[in-house]
Structures are given as C-alpha cells and as structure tokens.
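Both complexes below contain chain A, partnered by chain B and then by chain C.
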Partner chain A sequence: MGAQMTQPANRKLTPFNVITGMIIVAGIIFTVLRFTKGIGAVTNLDNNTPWGIWIGFDLLCGVALAAGGYTTSAACYIFGLKQYHSAVRPAILTAFLGYALVVFALHYDVGRPWRLPYPIFISQGTSSLLFEVGLCVFLYLTVLFIEFTPAAFEWLGFKKIRSVVVKLTLLLTIFGVVLSTLHQSSLGALFMIAPSKLHPLWYSGYLPVYFFISSMFAGMSMVIFEGTLAHRWLHDKMDETHLKEASGVALGFAKAASFIMMGYLAIKLIGISIDDNWQYLVTGWGAWFLFELLGFVAAPAILFAMGAREKNLTMVRWAAGWTVLGIILNRLNISIIAFNYHLPSADRYFPSLMEIGTSVFIVTIGVVVYRFVTTRMPILHEHPDYKEH
Partner chain B sequence: MENIIYTLQDFMVHTKNITYLIMGGILIFMPLFWIFLTDREKD
Partner chain C sequence: MAISRRKFLGSIGAAAVGGVTGALGKAYGASNKHFKGYPDSYGVLHDVTKCIGCRKCEDACNVVNALPKPEKSFEDLSVLEEKRRTDAGVYTVVNQFDVEGKKVFAKKQCNHCLEPACASACFVKAFTKTKQGAVVYNEKLCVGCRYCMVACPFEVPAYEYDDALTPSVTKCTMCYPLILEGKLPGCVEACPKGALIFGKRDDLIKAAWQRIYKYPDQYTAHVYGEHEMGGTSWLYLSGVSFSDVGMREDLGIKSAPELTAGPLAAVPIIVGLWPVLLTGVYAITKRKEKIAEQEKESAVARTLEQAQEDTAQKLEKLKAKMTQEKTSAINFEVKKALEEAAKKAEEEAGAQTEADASEEENASDESMKEDE
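Then we have the complex of A and B:
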C-alpha cells in the first residue's frame, strides 16, 4: 500500500520535471524583478545597445526557427507533396508556440503589456517597419492558431467546427506563406536603418532577402531537428504513419534545405561583390564572417547533400542541428556581435545572467507546452475518428 | 594608378563586372549541384 502511494509521487519527480521546475521558478523571480524594478535592474542594456538577446535571440531566432510552419504546410498543401502530411501538425504547433513565445518575450523588452493592442488598433505607425512586423506577427499568430485548432477540436470532440476549419486549410496556408514572406524579410530590413553601426560584411541592401531565404532552411532544419527529438522522447505518441513517413520527411527536407543553403551562399557572395567588401574578408571580422558562412552554412549544406544522397538519416539529423546553430549565430551576429562593432570593448554589450535566464525560461515554457499538447492531442498521431484527413 | 576609382560610374562598372562573372559561375554551379543531389534517385 505504501509503495503504491509513493509511486505517483516518484513519477512526478523525473529529471525533466525537476529541471524545468527550477528554471520556471527562477524565471518567475526574474519576471517579478523586471516588471517591478525596471529593465535596467535585470539587463545590461544601455543607450548604445537598446536591443539585447531578448530581441536577438528570443525574437529574431524565434521567428526564423518557427518558419517550419509555412515551409511544411506550403510543401504539403500548395506544392501537393502529400508525403510530408504527417510533418504538418508538429510543424504548425512548433510555429504557433514559437510565435506566441516571441510575443510573450517582447513584453519583457517593451515592459508595458497593456499597450500590446496599440500599434494595431489605436496608433498605427504605417511608415515603420516595426509596424509591418507587428501587424504580420499578429495576423500570422492568428492564422497559426486557427491552423492548430483542428487538433484541439479532435481532442475535445467538436466534430462540426473542426470540419469547418479543415475546409479553410488551403486559404490559411496561402495567408501563412504571404505573411511569412513579408515579416521574415522585414526583420532583416530593420537593420538597414543602421549602416554605420552594423559591420559592412553583415550590412547589405539584400538583408531582407537574406533573412527570408535563411528562414526557409531554418524552418526545414527545425522540422528535422524537432522530429529527431520527438522520435527520441515521444516515440510512444507516434503512430505507424508518422514513424513510416519520418525518414522520408527528413530526407526530402534535407535535399531542399541543402539546395536553398547553396543558393543563400551564392547571394551572400553577390552581396559582398556588389558592395565591394572583399578587403574586409582578410580582417579579424572577415575570419568571423567566413566562420559563420563556411562553418555554419556551407558545411551543413554539404552534410545535408551527402545525407540525402546516401539516405543517411544520422548525417541529416546532425546537419539539421548544425544549421539551427548556424541560424542562431547569424541572427546574433547581425543584432549583437557585429552590431556596434566600432565601440571599444568596455562599451560593448554582454547579456546579464538574468537576461540569459529569462530567455532559457521562455524556451522552457515552449518545451513544456509542446510536451503537454503532444501527449494529449493528435499531433504525432492521427485521431482514430478522423483517419481520412 | 589606373585602378583608382574616381566616380560612382567607375565603382559600378568595377563591382558589376565581378558580380556578373560570379553570377555566371553560380548559373553553372547550381544545376551541377542539383544533379549531385538527385542523381541517385533514379537507381
């Protein structure tokens, strides 16, 4: 009897629960500090660097890595590649959580959550790129929420409303692609306002194109990476169809990501050439730029290509994780590392422990919610009542 | 001394010359890379 009583308590004290619990408690403390003592109490931001990792990591990386939603649904519903159907729901869920957490993280930076509706409904700054980004994120988050609802309705047994939403799939996919094209590129365009602050190797008139193209392979790599983690940790939640199609999704996306990454390298080369920035390549910043471009774009692109050719899933999965790291490095380079590059090192920004802790807290919330949803709703498996879709 | 760029016209001619050569290289490289990616699918 005693053993039976203690069993459920032991099951709750798993390493995952203990670690996430500690991170969430620390995050709540940082949140209280941020909103009671002000942004200066928890961050190292100053007038030189008003945007730190809450923008560079939480927002820029969050949006880029959530691009799997539009790439996967476009592949399946617009290009008709139905063999990727099983990857759509996990990708939509990741994208929805990613964008929701981007908006959540933005509150920490802006600090006045009650003003969130202002840019959309009260005071539209129609000449500002930030307004365009805000409007697109608001609309796309709504689209992703609607795209996600069929899974929730199946779970709750709301058959009628689910069938109405399913009929909107193609329309929502087209909206998603259009909105993503707009705001992914606009996030890059934001940095075009600071040509004297961003190092010339990263600054380019093509920044919007770079951000949009890189979001495509970021999203695909994230779908492969997340599929790998789901295989490892949520294997029991996946049905036969998902298990059977998983390798096809990984190999197909690897091939596409590899080709797009080579195209990205090509336009980066054109960017250097058109601005005549060759002389910077032989400087220290040039070495760092080449490290990013060759080490985190060219190398994983070749690994993706070899993995797709050899049908080697391990190679493809390593390349996906590598590419995700490359995207994070690229966004941090543009927003933080190569930004204000001319300042003396004493004036350069480095995030405080509480800033890093808050970002870890936000990512942890995403992981916990993803786990909560996938263990309950038909995300990694088909609901037995709706096999036909 | 003839390498000195005096005008925007000179600069554009210089950078566009190199860029067009690079684009030619890309036009040759990308189809070859596509063949590398897909040639085993027929087997």
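Then we have the complex of A and C:
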C-alpha cells in the first residue's frame, strides 16, 4: 500500500486501466457515430434482421445474467436461507448494474431513445409483450435501485433513511420476484409472435417458461462466477463473514443450479415431444441444438453436481462459467442464429466490428462501475456500524 | 378514431393484459371468438396471373406517397433480375419468378392483416387497423424498437437505418388518405392490366372464388390472404403455387395476437398469485424458524429446569447427609465429651477421696498433735 502511494503514476497505468481506457475511447467514438450517422452506419442490421447483438446479447443475455439479484434475495429473505446473506449485496449490485446497462444499451439500439418513456407514460401498447418487458424492467430497475441504496446510505452515513429502506426488504424482494418472473419469461415470449422466422427446435409455446427457468440457473451461475472474479481481484475488500460464507454460497447454488438445469432439460424434451420436432434433431440445426443442450446445459449440470458432491470449489467455478456461456449461446440462438433460419445465407446477419465494440464498451462500463462501487461501499463486507442486519 | 383503435385492440385477443393496466376491454385470447375484420372494410385483390411486371404500380406509389426517387428509374426493368423486398421509402416492389420456364410477376407490399402482427407487437400503439381496412403507422409515437419488423410474418415494415435522429418505420398505407377521399390507392389506379382490384374485402373474396370456379385450370384453388395469419385485406390469386412466387404457405391461420395471447394471459395470474405464494413461503419459513426457536427455548428451559431440580435434589441429599454427619459428629463429640467428663469426674472423685483421706489423716495427726 505504502509503495503504491509513493508511485501514483504507476498505479494509474495498470494493464487494467490501459485496456479499459482504450475500450472506452473506442466506445465514445462509436457513440458519436451512432448519433450522427445513424444505426445503419454502425451496425449490420437490415430490414430482415432488425435485432442484432445489441438486443441478442446486451438485452437478452444482460437480463438473464442479472437474474442473480432475484434468486439470491429470494433465497435469503423469502426462503430464509440466511447463510446466503453475504451474497445478497454483491448480487443486487450486479443485477442493478446489469439492468442499468441493459437500459443504457437500448439507447443505442432504438431509433429515438428519448422516447423510451413513451410506452409507460404516453401510449401504452398493452397487447405487446414488449410493453410488459418494458414496464417490468422499468419497475424492477427501480426496485433494484432501492434495494441497493442501503449500501450507498451506509457509505454516506445516512442512518435514518437507511433504516426505513431496510424495513422494506421483504416487500421489495417479493415485488422483485414477481417482476422478474414476468419479464424474464416475456423476453422469451417476445419470439412467440414469429413462428415463421424462428427454427422449430427453438420455437415453442413454452418459450416463456424456458426463459424463466433458465434465468434461475443463469443468475446462480453468475453469482458464483462473479464471486470467483471478486475473490481474485477484490479479496482485500471482503470481510470474514463474506469469506466464511462464500464457499457455502457457491456449493449451495451449484447444487440448486444442477437440479434446475436437469429440470430444464426435462421440459426441453417435453417441448420437442409436444411439437413433435424429433425429425429436426437429425438435421444440421438438430446437431447445433443438441450441441447447445447437451454441451452447454447437461454437461455443466453434471459438473455442478459433481462439484457440489465433492465440495470441490474449482469444479463448481468452472461449471458456473460454462453455464454462463451456455446461456449466452441459447439467447443468441433464439434471437440471432436460429432466427431468420429460412433466409438465404447472403441475407443473414453477422454483427459489425463497431457493433461488437459497442457491446464490449458497455460491458466494460459495467466492470468499471462495479469496481468503483465495491472498493468504496460496503458490498463485499459489512459496514462496522450496521453489523446487525 | 380513438374509440375504434381501442375497440380493435380490445378485440385482438391479447388484451388480457388489461388486467395489468385495467384499461382495455374484452379478452378473446382464450375464447372461441374470431375477428373476421371490420364489416364493409376494403381490400385489394392481386391477380398474379395478370401481372406483366411493368412497375407502373411502383412508380405510382412513389409519386402518391412523395417518396424519394430511386437510383434506377421505374422504366428500367433490369431491377427485376434481383429479388427485392420493401425498404425504407419503398412501399412496394414487383418481383419476377421463373416457374417452369415461365416468367411470373408478383407485387409485394403490406398485406394489411385483419389482426396485424405489427399492431399487436407495438408497445406504443403506433399502428392502427382502421375501419376502412388500412393498417396505418403513427410516426409521432414510434420509439424505433423494430419489434413490428420482427413480428411481421410477411417481412414488410422497413426502417430508416441511415437517419440518425428521426428514423421511422416505413410501409404501405393502402393510400389511406386517398381512400378517405373516396379515391383508389395509387397502385390500383396505375395498373394497366387490371391485376389489382380495389373493393370491399367480402366482395373480393367472392370474386376471387368465382374466378377460380370459372377458370379452374388457370388458377390454384386458393385465395391467399383469406385465412393466412387470421386473414389479410390484400388477397392474391395465382396460377402457380404461392410459394413459387415468394409467398410463404406455412404461416398458418392463427392471427398474431393469438400467438401471444397465452403468455399475456399469464401476466395477471402471476401478478395475482405470486405475491400470495411467496408471502406464504415466507410465512412458513418464519413459522418454522419460530417453532424451531420455541422448541429450542423450551428445550433449554426444560434442561435448565431438570438441572435445577437435579441440583436441588443433590443439594437436599447433601444437606441431609451433612446434617446426618453433623449430628453424628455432634453426637460423637457429645458422647466423647460426656465420656471425657465422666472420666474426669471419676478421676476427680478419686482424687477427692484420696484428698479427704489424707486430710483426715492430717487432721487426726493434728488432733493428735493437739492432744499431745
């Protein structure tokens, strides 16, 4: 610490800071291009593919991977699993940042971002699933913000208002689970309006159920995955309780995720049976479908189970990262890869470098803000003044 | 207009979500009611067999709607070599197809669904199905999410991707302003071969089937748009299979709102039931915790009581024992003391007699001396 203090220049030029700095500069350039030349100048979107990775990755994956907020707080406050208490704050922070970034990313994707409040305040298209998604994300972002404020209030020393918010914990948690159930599932239901465009192996009447169930293990895996990264880089910010409970959280979530993933596999099979889509399994799309389902759901589920049984944290952490990749693959399959499967390959979409760059830029903002908050506010440790709760 | 829009949206089934906002009317999503379109609404019948690919309709559309001029003029028929779709500022295109060595032309534009996917998908109600049959777009509400383009099964709406600040969705309006004036849509007016006929949708369906019955060898026995996606205001007749002229035959007859009615109907149920169930789970957890706490407390109390009782008993015993011991000790001491005392007394008594004896001896001695 002392050595770092004496060399402030070196401290600023860490590899982390240099790389993030470059990404942010590039992101600002893309932002300027987007808002001066239009979406067409930055992306490869066209009339056949109106939704690219800004929706497929930034929105769909962002929301799914931010599900750790509702799963962890529900486990702790509703199901009374108090041993997860130290995992709640980091999970809420990740969820809040995740949703905030989703909304931020939408400003790039929609044509007139300043009209984003329209569906809620000006003209409500209640027949649209996107309206439901929009309303729930708006409300849930508010809930997450309120759930996050106690940490900020502790940091700022606002004791009275903090104690008021803490009293709302249960109400907010239930509200959060209701809203998450609705919008996580509705993101899948968005695609139910287009059975002619999404490949039958991915299209199903159960899409909303698939999205909701997979969001649970997505969130749990993300909590484990993020915990791994935090342990690597922010170990000194963690207090004894956090360190003591962390492995229990990982093993507990690993066990739960493994069970839910097996259930997910079962309902996926039921979906194939009900629509009688077995014949597609022997096609190229079938191979890709099985690659996703066996390679990125079944396999990590087994690794989770083994890790939980043998209390092997390394195994559990690898399984968590693997599952996160599987969720990303699933969401991209539904929104981009198996979407418009009927089009000739010349008309298919592949993201432009600037599109990918913008997504990387947005993720980077998330990492930077997470680091800023966790190094200052009582997230990974309890504030000494508020030990009780 | 506002009323008709509300009525329409109410009728498109998916309004079950009204439970959330409490705004919209009846929910037909799960019922057997089927919206057959507004009575006396208009439509256009496109007889593909009569189209010669002259692009006059494209030209007229461009002029009537004051759209930007294309690079190649509308007289240039070389553009037919390529498959085209509607684009920003291009509401309609004519495509050329080779079917068994024969050239067939078909016009593509918005089909003006009876229950439009775009309108059902739009989260700001920027699309309206008018009573006249046209599906019109309100640029003033559009956020630019492009979900309408995802939803449209006919791949019609296009987006102004190159407009940085005020991009809009563009699509055919069925020349709604002209229809309101009692005039024909631009393309219908311009068609030199009668391949486009404007009229009441019901009449057009009858006319189409009459043609099929009258010339069964010229027509495929199907009126495209009569039932596709719940029915469309544009209808098509063709001499070849519709998939050969770029029209999908696998769309089914379910309207777009029916496809999403299920998940929308689930919304109020989740909103109604989840809080009850979750509060129940919480209450059960709390109760379990409370019972566990109580059991723990009572167990502790019982143990404590037992321990106290044990201690008391032990103490009692000890006390009794001690008392006994004490008594016996006292008795012993008393006995010992008595014995000692007795012994002492005895000794003393012995000494007394001895002393008395010597005293007597002394006395007799003295008396004897006195006597002397």
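Criterion: the second predicted complex is superposed on the first by the 382 of 389 C-alpha atoms of A that agree within 3 Å, B and C clash if a C-alpha of one lies under 4 Å from a C-alpha of the other, contacts with A are read in each partner's own complex, and residues count from 1 in each chain.
Rule of thumb we're sticking to: a contact is a pair of C-beta atoms (placed from the backbone, for glycine too) under 8 Å apart; a residue touches a chain by one contact, two chains touch by 3 or more.
On a predicted model such as this, the values are computed, not experimentally measured, just so you know.
Contacts of A:258 after superposition: chain B is touched, whereas chain C is not reached.
Within the superposed three-chain model, A:223 lies out of touch with both chain B and chain C [touch as defined at top].
Using the contact criterion defined above for the overlaid structures, shared-chain residue A:266 touches chain B, although it does not reach chain C.
Looking at the superposition, the partner that touches the larger set of chain A residues, chain B or chain C, turns out to be C.
With both structures placed on the common chain, the touch criterion links A:115 to chain C but leaves chain B unconnected.
In the complex of the two chains, the chain A residues touching chain C come out as 34-41, 43, 45-48, 50-51, 74, 77-80, 109-113, 115-116, 118-119, 122-132, 134-135, 170, 174, 177-178, 181-182, 185-186, 189-197, 205, 208.
Here chain B touches chain A in the complex through residues 11, 14-16, 18-19, 22-23, 26, 29-30, 33-34, 36-38, 40, going by the rule given at the top.
Residue ranges of chain A in contact with chain B, taken from their complex: 255, 258-259, 262-263, 266, 269-270, 273-276, 305, 308-310.
The residues of chain C lying in touch with chain A in their complex are 9, 12, 14-15, 17-18, 20-21, 23-24, 85-88, 117, 119-126, 141-147, 149-151, 153, 155, 157-168, 248, 250-252, 256-257, 259-260, 262-264, 266-267, 270-271, 274-275, 278-279, 281-282, 285-286, 288-289.
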